[in-house]
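The following blocks contain the structures, represented as structure tokens.
Here come two complexes built around chain A, the first alongside chain B, the second alongside chain C.
Up next, the complex of A and B:
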């Protein structure tokens, strides 16, 4: 009996639970059970304003959140690793715990911080006596962007801290001894070492932002629709399964393509 | 040490505190504070109460907690079995077969969770297997989502395993099944428990796929939190969210204790 036979049972389980359902989604998008010719659903969805809007919103939110996470994560990781303070290890531990919580908790928290009756608006109205606070961005795409940056930054910090711990501190001392200022050391010594980790963390965050659902759902904004929200709306709220399957196929194509890119980048980074 | 001057160091720490505290520490504190409040109209919450928690541990919320626990434990065990089996079988394959298997088991991470939910819903709402409307369809979807993480952490641990132990056991006449059960699995135990903890945490917080297919009598905690906040009951929703966080943390803590005991062996 060849050894590869042992790989069959888990592959069969995966095929039944995951590959067969996925194939059905593709099949439903092409030839729906309830009639309609091939590609009818595609023509209908691609021609609709809502789909194009959702696609645009999804992409710009994901790209914006990824850039934000990279800048913020790099800054924070830099301080944790190279300007250590008492409690820096506790902060690293806290970040690990943060990762095990679901994303929608961040949106829930932001409702209390920046919501119409929240901390920030409460502070302002108490001081100025105005009837309403100035913060109303939570139900706009900016609220989603803030929540995504908050939730996904730890996914950048973690690989960066791992990469920084490999860095020879003597290099920094030598550079400083030769008269390089901190900004120059960061640019010329630390950043080149961190690039692979930044690439790997950034592409992972990009994929996760494209697929994020909980944060957008909890925001409850009518005008912020991303691809996963559109799938949920079409399938569950409108019971339009063919359209949901079409959007799903588009979403799969984008995120599997990007995930393949992430695998290539992280292999290069040796992660 | 990157910054040598005292002022420069304080500036870096100040920047760190300014970014870190409002962004990461404040959200969790705010949810905890809100869970003890009745209203929040000023800078700080007011009307301290424990009524939110009293409501969070009985009735529908308690049912949601047990639903979540059952779902997470069942999905983690299933995912751990399938993922570990695949990782062990993959380690015995040649290079190309192993890479194919790895790619196959990573695929559920790349596919959006909402799509996984939709796919499982479409597939099991029709013959031959009708699961729509039962709790097991939620367990199945969670299993699909977390198997990838179980597979990844166990196969990373197998690569680090010292082959000398199993070779020594085999040279003393132990059969493959015995080597697996008495040598390889015990050596893998720390990473198995770590993977179990990860799967459990992910399943406890899963919302995207669950929203697509949960039946009314099988609502896990995240759905319960969503329906509460969607109705406007932000404060009782926060209490349920704190219960969710505390349960996840407790289980992760318990699992990490098993890990440290196993690594002393």
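Up next, the complex of A and C:
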């Protein structure tokens, strides 16, 4: 028997369970069951206000969350790696655990704190006697942004901590000896050497934010429609499969494109 | 002109003392080597000057100013470390300019001073290269240029030649000596475990062991008249023999030895220190007979290990025409002026 026979079972499983349904999605988007020519569904979706809004919301939320994660992640990683405090190792370990949490868990936790009947509002209403508390941002795009930054920041911290552990302490000491204040050392020595790790972590977070569904759903933000939410709405609520498939194809194209970028960047980072 | 003064400096980590009450003064313009095995506290002493460790007691003074509580960036110190620690994403010229920019030197001055520092270290032709495009020796020259560019009063060298191969090392040693002649005002603290580097370069050597200063003096003083057993064996790898002091000499395993120099009263226990290259083969004054335990040929010399009454002596002799065989009986001797008496066990007290 040729050895290539062994490759057959995984390829078959992959084809049946993943590639075939994916092909169906693409096919459905091109030749809808309910009639219409190729690209008719594309023309209809691309021309709709809802799609353009969702695309815009998805991109700005993903880009905003990614920038937030980069800034917060870089700052936290700096503290964990370079400011000696008891428990730094435990915090680094906890970040590993955090990566395994489901995303909606974070949203749920935020609901407990900032939700309409959450702790923060509860404290304020108790003290002021007001009918309702001042915190309502969780159901706005800002709530989604906060939840995404909270959940995805560790995905930036992880590669940064790996990069920082490669950095020679002697470089930082020599820089300080030459008269550089901590801020200059961060800007001129640490940041340039962390750029590949920032690029890798950032592009990973960007892809994950573009596809995030659980966080948006759980904040209960009705006006925040991202591409995954739109697909859900079209397919499940409106039973408009061709439109859902078109949006899905767009979402896949963006994700695969960005994933390719992530691979290129992370290869250069040596990750 | 700024010297360095350690004033009863103690450093401890988690209750472990790694530097114990160091008192030492490096005069302005002097090269002081801190010599000792690993764990002797020499690097800790250097790090206390740079500000990377905070002493639990004592003071560090640079140029008469107490810097004990100052952060590293306010001390104005040039530093060169074993692994070069060049900034990998910066070109050579930017590495050298780093300290000048950090200290906010006038922009118009920076290119000139970078060129001057690179010229001094022979690296002017490599200004546009990245560190990864340079050999180890070239990288270390850049590191030295980077330290000199800020015109520091104090230069700290932490095992600067340890990562280089033997041939490069002797070349760089000569370079460092030349640089110091060109910059006579710079005080240099040179940490090393290599006695050759210390003997070659230093005006004075501070010998450290077990977190303490054991001895301090000029290379000649330490080599010819060490004050402790540790100095005698660490600097120059001397033979140490237990003796009893006698009038005009000493007694070793029942043999009367004649000595020119003695510090102890007759009858006291002492240690006799004789350098391996000052032992001669054959009959002579202060003869010691024993059996050959090992013979090593080292090119221009032979090293013999000879067991004399249970004590193993090392003798370095000009290359022998007839090499003795293992187990042969031979006689070694030394001149009365070539041995030093040390008080027994002082360095381990």
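Here is the rule we use: the second predicted complex is superposed on the first by the 263 of 271 C-alpha atoms of A that agree within 3 Å, B and C clash if a C-alpha of one lies under 4 Å from a C-alpha of the other, contacts with A are read in each partner's own complex, and residues count from 1 in each chain.
One rule holds in what follows: a residue touches a chain if its C-beta (ideal position, glycine included) is under 8 Å from a C-beta of that chain, and two chains touch if they have at least 3 such contacts.
Treat the numbers as computed from the prediction; the structure is a model and nothing was measured.
By the touch criterion defined above, A:106 lies against chain B but remains apart from chain C after alignment on the C-alpha atoms of chain A.
Taking chain A as the reference, the larger set of touched residues comes from B, when chain B and chain C are compared.
In the superposition on chain A, contact is made by A:193 with chain C only, not with chain B.
Of the two partner chains placed around the shared chain by superposition, chain B is the only one that A:245 touches, whereas chain C remains out of contact. Judged by the touch definition given at the top, the superposed model places A:255 against chain B, while chain C stays out of reach. By the document's definition of touching, neither partner reaches A:86: not chain B, not chain C.
Applying the stated contact rule after C-alpha superposition, one finds that A:174 touches chain C and leaves chain B untouched. By the document's definition of touching, neither partner reaches A:47: not chain B, not chain C. Of the two partner chains placed by superposition, A:129 touches none, neither chain B nor chain C. Overlap of the chain B and chain C contact sets on chain A: residues 176. On chain B, the positions that touch chain A within their shared complex are 1-4, 8-9, 12-13, 15-16, 19-20, 23-28, 30-31, 33-34, 39-45, 82-83, 85-86, 88-90, 92-93, 97, 101, 104-116, 118-124, 140, 143-144, 147, 198, 201, 204-208, 211-212, 222, 225-226, 229-230, 234, 237-238, 241, 244-245, 248-249, 252. Residues 168, 170-171, 173-181, 184, 188-189, 192-193 of chain A touch chain C in their complex.
On the side of chain C, the complex with chain A involves touching residues 50-52, 71-79, 81, 83, 85-90, 98-99, 102-103, 143, 146-147, 150, 156. Residue ranges on chain A touching chain B, taken from their complex, read 3-4, 6-7, 9-11, 13-14, 17-18, 20-22, 24-25, 28, 72, 75-76, 78-80, 82-85, 91, 94-95, 97-98, 100-106, 108-113, 117-119, 122-123, 125-126, 149-150, 153-154, 169, 172, 176, 182, 185-186, 190, 207, 210-211, 213-214, 217-218, 220, 227-228, 231-232, 235-236, 241, 244-245, 248, 251-252, 255-256, 258-260, 263.
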